[in-house]
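There are two complexes below, and they share chain A, which is joined by chain B in the first and by chain C in the second.
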Partner chain A sequence: MAYAFDFASVLEYREVLVDGTLKTLALTAIGTFFGLAVGILGAVSRAWKLAPFDRFFTVYVELIRNTPFLVQLFFIFFGLPSLGVQINEWQAAILAMVINLGAYTTEIIRAGIEATPKGQIEAAQSLAMGRAQIFRHVVLPPALLKVWPAICSQVVIVMLGSSVCSQIAAEELTFAANFIQSRNFRAFETYFVVTGMYFLLAIAVRQVMIQAGQRLIARRVK
Partner chain B sequence: MNDISYWDIVRNLLDGALWTVGLSLTAFILGGIAGLVLLFARIAQNPIPRRLAQAYIEVFQGTPLLMQLFIIFFGGSLIGLEISPWIAAALGLTLFTSAYLGEIWRGCVESVPKGQWEASASLAMTHVEQMRHVILPQALRIAIAPTVGFSVQVVKGTAVTSIIGFVELTKTGSMLANATYQPFLVFGLVALGYFALCYPLSAYSRILERNIHGSRAH
Partner chain C sequence: MALVHIDALHKHFGSNHVLKGIDLDIEEGQVIALIGRSGSGKSTLLRTINGLESFDDGCIEVDGERIHPHETDLRALRQKVGMVFQQFNLFPHLTAGQNVMLATRIVKKMPDAEARDLAKAMLLKVGLQDKFDAYPDQLSGGQQQRVAIARALAMQPRVLLCDEITSALDPELVNEVLAVVKNLAAEGITLIMVTHEMRFAREVGDKLVFMYQGRIHEAGDPQELFANPQTPELASFIGSIN
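Showing the complex of A and B:
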C-alpha cells in the first residue's frame, strides 16, 4: 500500500490558515491581558488576606484548577444562555480563557508576592507610602519579574489549550484545520501542518512574552 | 421532552466518569513507564538519546493535545490501522503524559546535589550503580509531590478525548445536555465530577510538598 502525501492541498487554503492563526493569537493576547489582571487582583487578595476577596479567590482558584478547560468553556457557552445571558462564541472563548488563566496566574503571582522581603515593605512604610502605593511600586514589579518564566509557560499552555475553542465554533486555528480537512479530505496532512504551526506559535509566543517581561517589568525593577 | 429524570442524568454521568477514571489510570501508568524510559534517555551520557528525548518532549509540550489526538486518529487509518477512539485516546494521552513526567522527573534527578554524584563516583561506583543506590532513591522522594500534582493534568486532559468521540464524562455530558436541554445543570454536574476526581489529588500533592519541605528543615 502506497499513500501519496499531498501537502499542497493544505497550502491551497493558506488564507484560512493565516486567518485562524491571527484569531488564535488575538484570543491569546486578550486572554493573557485580562487573565493577568485577574491574576494580580487574586494574588494580592490571597497574599495579603484582603477579606472577603481572599475567600472568593481561594474557591475560584480551586474550582478552575481542578476542572478541564473544555468543561469550563461548555459551561459558559451552553450553560449561561439558559440563565438568560446571551453570549456568542468569541465572548465565551475569551471569558473562558480569562477565567482559566486568571486562576493559574493568581497562584503563580501569589508565590512572587509572598517572596517579597519584609524589610522592603517596612522601608516603604517608613516613607509614608500607602498600601496601594507600596503594592504598585514596591511589591508588584519584583514579584512579577520573579515568576515571569512560570507566567510565560502558562500563557503557552493556554494558547495551546485554546484549540478546543473550535468545539464551540470559534473560528481559530483548529477550526480552520477542521474546515480544511472537510474540504480537501486530507485529514492527516492538514493536522500535521497545523500541528507544526502551533509548535512555531508556541515558540513565538514564549519569545514575545519573555521580551515583554524584560521591556515592561525588568526596567522598573532595575 | 423530559422523560429523562435527574437520576438518569446522574447515572449516565457516573458511567462516563468511570471511563474518565479508566483512561486516566491507563494513561498515567503507561505514560509513567514511557516517562521513565524518557528520563533515562534524557540523563544518559550518550548525547544521541539525550537529544532525541529532548526533541520528543519539546514536540509534545509545544503542540495542543487535541492536535496530537487528531494526528493519531487520522494517521492510524492512513497506515491501514483501524483505530478506535479508545485506542487513540489512550495512546495520545500516554504520549502526552510521558513527555511531562519525563521532564518532571529529570528535574528531580538534577535537583539531587552534585556532591552526591561526586561522593559516589569517588567510591568507584559505575554510572548505573550511582543511579541505583544514590541518585534515584533521593530523586524519588522529591518526585512524589509533583507527580501526584501532574496526575490532575492527566485527568483534565482526558476531557479533550471527547472531541475524537471517546465517550467519557465530558462526552456523556454533551449528549445529555443535547437530550435534556439543561446544559447549565448537566455541565455543572460534569464540572463537579472532575472536581471530585481532581481536588483530592491536588490537596494530597500539596500535603506531600509541605511534608518534604518540613522534613528538610531540620
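Showing the complex of A and C:
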C-alpha cells in the first residue's frame, strides 16, 4: 500500500518550527557558555588538586556521567520546588544543560591541562608569574586548543540531548514536533522534517563552534 | 656584599642527599660556569636559586632578597632572577614578540606600547628583530633559544641562570646562542650557567665551579683550573670531555 506524503500539513506550522529551533539554539548557546565555564573551573580544580574543590568536582563528575540526562532534568525541575526553590521549565532546562555539559567538559579540559609540558609552567614561574596568571595565559589557551574538537562534539551531543527538555514542557524543537503532530496527525512527515532540522542544526553548530575556537583561542587559521 | 650569596645549602630528593652544604658567593657582573658530571647536583643548585627547587637547610640571598627552606612566596626573588632552559620552553600559542612581552605586561603591569618597545629592543639584542610576529614552531632551535633569552632579559633580572642552554641544539646552531651569551657577558650581566661547552666556559667564564657528588669540589679561575686541576676528579672530568 502506497503512503501519500503530506508535507504541506507540516509547513502550515512553520512558525512553530522556527520558534522551536530558535529556542533549541538559545538553550544550547547559554548551556555551552556556562557549561564551559563550569568545565574550566572543574578541570583546573581537579588537574591542580585545588582542595576542597577537587573533591567536590570528582563527586559531581561521577554523579552526572553515570546518570541519564532526563533523570537529571526531572530531578531539577521537580526536586528543587520541593526544596522551596521556584523554578520554571526554562530555568530547569538551562540548569540541567549547564550541569551536564560542565561535568563532561571538566574531564575533557582536564586532559588538555594535564598535557601541558612541565617546562612551560617552570618558564612562567621563572618570569615571576603567579599561579592564576600562569593558568590564564600559559596553560589554558593551548589546553583548550588541544581538546577543542572534543568540546565541539560534546556541545553537539548536548544540543541533541536538549530534545528531552520537551518532557518538562520547554517549548523547544522536539516540543514543537509533538505539538504539530498532535494537531495534524501527520507524525511521519512531522518527524521526518524535524529529524532533518536536527541534522542540519548539528552540522551548523559544529561549524560555528570550530570557527569560534579558531577565532577565540587559535592563534591563526591553519 | 655579593650579589648572590649561598650559605650551607642542603637538599634531599627522598633519601638521596643531592646538595651537601653548598657555599657560594657571586659578585655582580661575574660569569660563573657550573660544570660536573650528570647527577653531581649542578642543575639542582641552579634551580634552587630561583626557587624551582626547594631546599631543606641553609639560605640563599639574591640582591638582598633572602629565601629560606620551603619558602612558598618566591615572586619577589624571581623578579630578580631570570632563567633560560635547555628545552627553550617558549609558549607555543604566542608569537616571539608576545612571548617576550607577556611577563612585563602582566607581572610588571607595563603599558602595552612600552612592553612592545621593550620586546623589540630585546629581540634586537639577540638578533631577531625581524621575528617579532613568528610563532615558535616557525623558528629554528637556535632562534627559539635566543627568543627565550630575550624573554628572560625583558624582566631586567639582576642574575641570569642558564641551564644547559645549548644541549638540545644541533651542533651548527650552538654558536649563534653562545655568541648572544658572550655579548651579555661583555655587557656585564651576571650569569650563572650550567654548561658542557668547556671551551666557552674557559673563554667567557670568570669563575669555574666544579661540582662532584653534591659538593663544590673545586672552584677558581677557569684558565688555571683547566690547565692545572687540583683534584683527580676534576682532572678525570676534563679528560673525559676532551
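Descriptive notes on the structure:
By definition in this document, the second predicted complex is superposed on the first by the 219 of 222 C-alpha atoms of A that agree within 3 Å, B and C clash if a C-alpha of one lies under 4 Å from a C-alpha of the other, contacts with A are read in each partner's own complex, and residues count from 1 in each chain.
The working rule: a contact is a pair of C-beta atoms (placed from the backbone, for glycine too) under 8 Å apart; a residue touches a chain by one contact, two chains touch by 3 or more.
All values reported here derive from a predicted model rather than from experimental measurement.
In the superposed model, A:127 makes contact with chain C only, not with chain B. With both structures placed on the common chain, the touch criterion links A:117 to chain C but leaves chain B unconnected. In the superposed model, A:12 lies in contact with neither chain B nor chain C.
In the superposition on chain A, contact is made by A:137 with chain C only, not with chain B.
Touch criterion met: A:79 reaches chain B, while chain C stays clear of it.
Legend: residue contacts after superposition of the two complexes on their common chain; A:194 is shown touching chain B, with no touch to chain C.
The contact sets of chain A with chain B and with chain C never meet. Interface residues of chain B, counted against chain A in their complex, comprise 59, 62-68, 70-71, 74-75, 78-80, 152, 156-160, 162-163, 170, 173-174, 177, 181-184, 187-188, 190-191, 194-195, 198-199, 202.
Those residues of chain A lying in contact with chain B across their complex are 1, 3, 62-63, 65-72, 74-75, 78-83, 156, 160-161, 163-164, 166-167, 174, 177, 181, 187-188, 191-192, 194-195, 198-199, 202-203.
Looking at the complex, you find that chain A touches chain C at residues 117, 119-120, 122-130, 133, 137-138, 141-142, 145, 217, 219-220. Every residue of chain C that touches chain A in the complex is listed here, in rising order: 50-52, 74-75, 78-79, 81-83, 85, 87, 89-95, 102-103, 106-107, 135, 148, 151-152, 155, 161.
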